[in-house]
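Structures follow.
Both complexes below contain subunit A, partnered by subunit B and then by subunit C.
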Partner chain A sequence: MRCLGIESTAHTFSCAVIEEHGRGGRILADVRDAYVPPAGAGIHPREAARHHVAASAGVLGGCLRDASTGIGDIDAIAYAAGPGLGPCLRVGAVVARALCSYHGIPIYPVHHAIGHIELGKMLTSMDDPLVLLVSGGHTMLLAFSDRRWRVFGETLDVTLGQLLDQFGRSLGLASPCGMQIEKIARESGKYCELPYAVKGNDVSFSGLYSAAKQLVAGGSVSRAVACNSLQETAFAMICEAAERALVLTKKRELLVVGGVAANVRLDSMLRQMSRRHGCKMASAPIRYAGDCGSQIAWLGILQSRAEAPVRLADTTVSQSWRLDSVDVNY
Partner chain B sequence: MSLEFKVRIRIAELSGPMAVAVRDALAPDNIDFPSGQSIKMEVSGDSLIVAVSGGTAAQFIATVDEVLEHASVALEAARQ
Partner chain C sequence: MKLLKKGAEADIYLTEHRGRRAILKVRKRKPYINAALDERIRKTRTLREAQMISLVKEFGVPAPLVLDLDITKYAILMEYIPGTTVGTMRPFRLVDACGQIGSITALLHKNGAVHGDITTSNFIASRNRLYVIDLGLASRTQRNEDYAVDLRLFREILSSGHAKSAEAAWRSFVRGYVSVIGRPGYARISKIVADIESRGRYATVV
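Here is the complex of A and B:
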């Protein structure tokens, strides 16, 4: 079976084709084009959607070419139905529905964040992990139980990705800022104390953001020290919450997925913590850590194993869609 | 007296299945409109006819803008 996955929840428009191989899958192609807002500005949903409209035909055509696949060879199409930015979600849904209607292909609306988790599991061969999902849209600790991904900890305000983006924008960087902050942080080993807020298994980043911004505005420390201190504090909070969840759930595997999983410093801190608990730890490969069509295509394959396709009339999108409200039937 | 906005868009010279595909691609998003605004779509021969009415000027322009953008995206996708 070959599934075409279409991702368009935020800044990235991406199409991927995955071919089923036994219980696993092989990525035949994954093509992306990302909307980049002006430096210092955040993502504007309507502008990002306009980007997706302009990029969609090229990305789709490129993906099918890279996969050496005609649309007639596609057995199912999955699209990210949420959560995400409404105007962006609708572009991906329109592309998926048009293809499915015209070519008579089954359609599967899928949950974007569960796609991150399932693709990460497939690529790292993890079986039953505690999952740390860290991205612009989510900061959650999850474990699977009784047909659902259950939340064992999450952010109480902004996500880790938003923290890095908002702080980066305050420095005049262009979103997404995570990799740029990581690069700047490497220029200094100095640490300046910042607010640290872990409540049970939950974290809170808003106070940290304000304090880091004030630190730079006050001119007492360099950008490098501020970036390093922000990363060290935020990642230590994440590590503490993950450690608590590991002990609570007694899982032997820790899987890190989402765009911030690409951060080398976070990976190293989590690896150190996991080692202390004799726990196997893996991050999604950098190319597939962030938003991509592969996460959607792979979840489409999983859903097609257990569920009938959805009627086109019922293929809506949902901007707010809690991950722990989704029944997993595959 | 307040302004009333109405537009009827005819996307013509499509094949029947292509007109149906564009309608199918757009129709599920025709929900949760602002109060007073409505949208109707029908396939007529080789055309898709979209009628948009109501809402404020800004809402009306945004809806028509998105309908036209999505119709072009759907056509490009179906032609792959």
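Here is the complex of A and C:
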């Protein structure tokens, strides 16, 4: 079974082909092209969608070529049906629908964030982890029970990715800013006190964001100190929420997925925290931590094991789609 | 001294105090957290917890006695409460106990305080009473929004940690809460819970 996955929820347009390999899968190809907004600006949904339209043919062609696969060898096509930016989601859905209707291939709409989780599980060979999903779209602690991914903690306002992006943009950086902030933060070990808001297993970043911005605007501290203080505070909050969820759920594995999983400092904090509780910890490999076609293709394979394909008329997209509202049948 | 539990923010030891069993709760240094931040968190929470444990008793909420506080070691020595936490109860008893958690939560709110970490693991059934523990995130507050965060957290824990009995347990919690606060008070706060949820990610259908 070979599944083509199409991802287009935000800045990245990506296609991947995964071949079923026992219970797991082998990634035959994963090609991406990301929209880069101007410095100091965020993703403009219309501009990102235009980028995806222009990039789609090249990415799809490159992906099939890298996988040495013809479209005739594809057994199913999965696309990210949400959550994400409406105009961007529609591009992926249109490409998927066009291919499926012309070539008569079964089609599966999948949940983007569950794709992050399932690909992470497959690549790290984890069985029943507590999952920390940290990206631009999500900041959630999840564990699976009774056919659904259940939320054991989440952000009450902006996500960790948004916090880093918005703060980075105020410094004049271009999104995504996480990597750049981490690099700037390394220039200073100094820490300036910032609001720390952990509410049970939940976190709130809005106060931290405002305070960090004021810190820079005040001009009394350098960019490096501000970046370091922001990171240290935000990551400590995430670490504590994860630690609380770990103790509560008594899970023996912690899996970190999503774009911010690529952050080295966060990874090291979570690793040490997990060790304290005798818990195995792994992050999705950097290449597959952020948005990619593989997460969509792999979830397509899982869904095809348990569900019939969807009728073309029902291949919609949804900008807002809560992860914990999705029934998992595989 | 025996380590009972490695908690998320503290280690819990079983020890003795004047011939009786006692609990020593120590907030240890976390080497992976920034040192200044870690120190600030451990200090404020240790002090806060000791103060709030004493304070809630004034509201008629059962809580362990504080026997000693050593802020240089970030440690609280407190009375040992024998019993089982609500989280480990069978569904039938759990639903029942959630009603008591509801009325305790309401008593706190009515007196201008929040627990800050209302989970089923933070209530111990003992001697026919329900004791509240783990008050490190508790605080004094008059803001309805803070009360709403308590309710939201508890509902989140029920639907994730006790998925099968979540609805019955939540109804029972609300009954207990309303019995102390009254219908109008609950309606006001539950409206804020909805506001908070609408601020979350992907909460509203666009």
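Everything below uses one rule, namely that the second predicted complex is superposed on the first by the 330 of 330 C-alpha atoms of A that agree within 3 Å, B and C clash if a C-alpha of one lies under 4 Å from a C-alpha of the other, contacts with A are read in each partner's own complex, and residues count from 1 in each chain.
One rule holds for everything that comes next: a residue touches a chain if its C-beta (ideal position, glycine included) is under 8 Å from a C-beta of that chain, and two chains touch if they have at least 3 such contacts.
No experiment lies behind these values; they were computed from the predicted model shown.
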Overlay on subunit A: subunit C relative to subunit B, clash or fit: fit
Touched partner set for A:His138, first subunit B, second subunit C, both or neither: second
Touching partner for A:Leu4 - first (subunit B), second (subunit C), both, neither: neither
Which superposed partner A:Leu163 touches (first subunit B, second subunit C, both, neither): neither
First (subunit B), second (subunit C), both or neither touched by A:Val91: first
Dominant contact partner of subunit A by residue count, subunit C or subunit B: C
Which of subunit B and subunit C A:Asp146 touches, first, second, both or neither: second
Closest approach of subunit C to subunit B (Cα atoms, Å): 10
Complex contact set, residues of subunit A against subunit C: 83, 86, 137-139, 143, 145-146, 148, 150-157, 159, 191, 193, 196, 198-202, 232-233, 236, 239-240, 243-244, 246-249, 268-269, 272-273, 276-277, 318-324
Residues of subunit B touching subunit A in the complex: 17-18, 20-22, 24-29, 31, 66, 69-70, 72-78, 80
Contact set on subunit C toward subunit A in their complex: 6-9, 30-34, 36-38, 40-41, 116-119, 121, 137, 149, 152-153, 156-157, 159-161, 163-164, 196, 199-206
Contacting residues of subunit A [partner subunit B, same complex]: 49-50, 53, 56-57, 60-61, 64, 71, 87, 90-91, 93-95, 97-103, 312-317
